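For reference, the structures are reproduced in the following blocks.
You will see subunit A twice below: alongside subunit B first, and alongside subunit C after that.
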Partner chain A sequence: MPKVTYVQPDGTSRTVDATVGRSLMQVALDHGVDGIVAECGGNAMCATCHVYVAPERLDDLGPLCSDEEEMLDCTASPRAATSRLSCQLPVTEDLDGLVLRLPEEQL
Partner chain B sequence: MITLDDDPFADAVLADPVPLHRRLRDAGPVVRLVRYDVWAMARADEVTRALTDPETFCSSAGVGLSDFRKETPWRPPSLLLEADAPEHDRARRTVTSVLTPKVVKTYRDTFAREAEKLVATLVERGEFDAVADFAEAFPLKVFPDAVGLPAEGREHLLPYGAMVFNGFGPRNHLFTEAMERGAVAREWIAEHCRAENLAPGGLGARIHEAASEFSEEERALLVRSFLSAGVDTTVHALGNAVLCFASYPDQWAALREKPERSRAAFEEVVRFTSPVQTFFRTTTRDVEIGGERIPAGDKVLLFLAAANRDPRRWPDADTFDITRRAAGHVGFGSGVHACVGQMFARLEGEVLLAALARRVTTIELAGEPRPQLSNTLRGLASLPVRVR
Partner chain C sequence: MTTGSSSETVLVAGGGQSGFQAAASLRDKGFTGRVVLVGDEPGVPYQRPPLSKAYLKGTAGEEQLRLRPEDFFAEKGIELVPGRVASVDRAASRVVLESGEELAYDHLVLATGARNRVLPVPGADLDGVLMLRTRDDADRLRSSLERASNVVVIGGGFIGLEFASHAGRPVTVVEAQDRLLARVASPEVSEFFKELHEKAGHTVLLGTGVTALHGDGHVSSVELADGSRLPADLVVVAVGVVPETTLASQAGLTVTNGVVVDEHLRTEDSKIFAIGDCANFPCVHAGAATRLESVQNAVDQARCVAAAITGDAAPYDSLPWFWTDQTDAKLQIVGILANADQTVVTGDRAEGRFSVLSFRDGVLIAVESVNRPPDHIAARRLFTAELRPSYADLEASSFDLKAHVKSRSAA
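Up next is the complex of A and B:
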């Protein structure tokens, strides 16, 4: 199973097993990782599942769709070039070792 | 085939749907409701699966019992709710662009101020009807203001909503009565979906601007979705919230301790009471679920409320607990048809419950709550309370 690491704003981090096919948002909730609110339950409507992806791994993720693009302009913490919505990112074997930084604020 | 003879639209069931929901979930993943010749799903997994597979479980044949391919709907179908891809995507993109979390945030201060004002008046009174004076009063003020409706005529919004939501069920007495009561509202609603009757800068006007690729008639239909979907649902959620807190004083104490929990508390109210109880879908192909083959063209009744209390998904599902992580419930639907106004509803719930929690120590019933029966919604007609 691919391993994914979530890094909190204070620097603490957790590495968890990510089930292929679940979204990176669901994986965080499955493991009780704080810092992802996911109010809309993964429907690209709330922007409260915002994460920053390690830049060198951006290409391993699928492209932004128009919903995600629009929603990323609504994040509570500033949007960066590496910003993604974790609910729109399905886990694949290729993502093993992925590191995601969590923003200061989600709401 | 598992069959049940129950009538989910019978008065007694609508007044207290929880026992039926339990029976449906326990009966199996897919159940045949013989009375209406429809399929039903009530477990969280299957309901979510159907909601997130719009190619198999379509909406354009209507999301009520009536099949638009065989019967003419009582009003022109909604471009959002009663549509499939690709038409649906176009309409949805337009509306979401006007209802983004960023736009919703711009209403926060105004809504919070209105919430403070309303709560102050009610605390002063001490005793009031938490439906008319609280749950209806707040959305009926802030929402039409935000949409840009004039002050006169707003009394048509609730009877109109009652027609819409009863219209998803069978042609029973609730439907007939709602249609009679709402007859005059229809014209007012139609009039006020037109650009010339909407205040500049409001959400309604912004829909007309954002929907420039649509015809004038279609633009009005998009605004109509706001007026149909944005009022009764929130009203019921707020009324249900007060009943929850009057019934679970420990949860009220928990909220009072930290009024900033009000957003999570509102989420739990939506999970626990599911103001929108059910929606139908129609199969576009033969599909096998839980060992049952559902043929193409059949209506499937999805029990959102039952899914939100499925013990397979929620620990202590029947416990109202504002500290739980309620995200992932289907009270706002899920998938491409998930409620586009959900961030607005959350804002309304959050600011109003926070205002109440900051001012009110105890909420007690001052009379029997009376349910408001509806073929789709679960809420109250009246809820006399005393606050201190």
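Up next is the complex of A and C:
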């Protein structure tokens, strides 16, 4: 099972087993990782599952769709070039070792 | 953090979104007693919004629906009991399940949800007449769609229109009201969605009642109020829901359009709460007793009750918000749209990216955003920060919600 690491704004981190087929948002909720609010449950409606992806791994993720693109423009913490909505990122074997930084604020 | 005593039992009746969230939030809040979640659907609790969207289309599987994986429940000590609560003995603080099993509780959370309203016409029980509420329903609809030639959707609300959007073929939508989404949206938004569906190839019949469904065993046509018939071998009935209140009534609790609860979501029995689709609560945003059918309401009410049980009671005052996805349009609604007396449309209606701002007595009461997520988020910030703007405030910022939020934050 691929391992994914969520890094909190204070630098603490947790590495968890990510089930293939779940989204990176669901994986965070499954393991009780703080910092992912996921108010709409993963339907690209609330922008509260914002993450910053390690830049060198951006290409391992699928492209931004238009919904995600627009929602990223209204995240509570500033958008960066590495910003993604974790609800739109399905876990694949290729993501093993992925590191996600969590923003200061989600709401 | 305050926690319930370890000897207490919370029993949650209903394994949908609100029931699941109540159980999970109790653990989040450090509740150490027994948590029993009684649900009558197979498997672990799942979310419903994708059933009429990605799951219906087949782009999301069962894995994506699950709210948590199976081992989450064991880890958190949440007992999943398959079945249904048949009756409540309030004097003894005990429920009886349909299986005959008895369970004692210290707190009972009614999260029984709603059931689909049945179309009250002859032929509604024919084969090929389906509804959508559960994952099983969605599976059945998906396989029926593969075989169907003529699909008629009865009801132009969220579910009927989402089904039409994701059916992957032209369908006919029959709506008794004179506009689509009449119960939830403004006329401006209704008109936009009518055009949207017509552009997608669907036929939309408004102000059209259905008097009967015909067929020999399997449905073959839908008879309209004017006597004409639409050929149909798949009919999707989506004419709203009724709150599931049988248990509450049986227990002698007050039921009026849902289980009546106070601002803490408590029934008149202090040990019994009601949350989600089945609860009729005093809504500060509506200024009236209200029942809401939404994920946001289910989740936030569940959290509110978990907090109350763990000693952190606060009145329920969460901001209502709703969404729907249809063809290429995303509609997000904040607030309760009732008795608006002034309306402003901002953005680009022709491009299909606009928001409708509704006011009552000069105060903003609801914002509907079509393909304008920034407006939606800005509106939510304005509402929750108690900065609900007046018509005059917004007029000064040319009804630009984002600009208004910025100017207020800076002030």
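Simple rule for what comes next: the second predicted complex is superposed on the first by the 107 of 107 C-alpha atoms of A that agree within 3 Å, B and C clash if a C-alpha of one lies under 4 Å from a C-alpha of the other, contacts with A are read in each partner's own complex, and residues count from 1 in each chain.
Keep in mind that, in the parts below, a contact is a pair of C-beta atoms (placed from the backbone, for glycine too) under 8 Å apart; a residue touches a chain by one contact, two chains touch by 3 or more.
Quick caveat, the model's predicted, so the values are computed rather than measured.
Engineer: Will subunit C clash with subunit B on subunit A after the two structures are superposed, or do they fit?
Structural biologist: These partners clash in the superposed model.
Engineer: Between subunit B and subunit C, whom does A:21 touch in the aligned arrangement: first, second, both, or neither?
Structural biologist: The answer is second: A:21 touches subunit C but not subunit B.
Engineer: Mind working out whether A:74 is in touch with subunit B, subunit C, both or neither, as first, second, both or neither?
Structural biologist: both
Engineer: If you stack the two complexes on chain A, which partner ends up touching A:30: first (subunit B), second (subunit C), both, or neither?
Structural biologist: It touches subunit C, and subunit B stays clear.
Engineer: Taking the superposition on A as described, I'd like to know which of subunit B and subunit C A:12 touches: first, second, both or neither.
Structural biologist: Touch status of A:12: no partner.
Engineer: Just to be sure I follow: which residues of subunit A are touched by subunit B in one complex and then by subunit C in the other one?
Structural biologist: 29, 39-43, 45, 47, 67, 70-71, 73-74
Engineer: Over in the complex, which subunit A residues touch subunit B? Could you list them?
Structural biologist: By the definition above, subunit A touches subunit B via 29, 37-43, 45-48, 66-67, 70-71, 73-74, 107.
Engineer: For the complex, give me every residue of subunit C touching subunit A.
Structural biologist: Counting only subunit C, the residues touching subunit A are 17, 47, 49-50, 53, 61, 63-64, 66-69, 72, 295-296, 299, 323, 325, 330, 332, 371, 373-374, 376-378.
Engineer: Quick one: which bits of subunit A touch subunit C in the complex? Just the residue numbers, please.
Structural biologist: 19, 21-23, 26, 29-30, 39-43, 45, 47, 67, 70-71, 73-74
Engineer: Taking the touch rule as given, give the residues of subunit B at its contact with subunit A in the complex, in rising order.
Structural biologist: Going through subunit B, the ones touching subunit A are 93, 96-97, 100-102, 263, 267, 325, 327-330, 332, 334-335, 338, 340, 342-343, 346.
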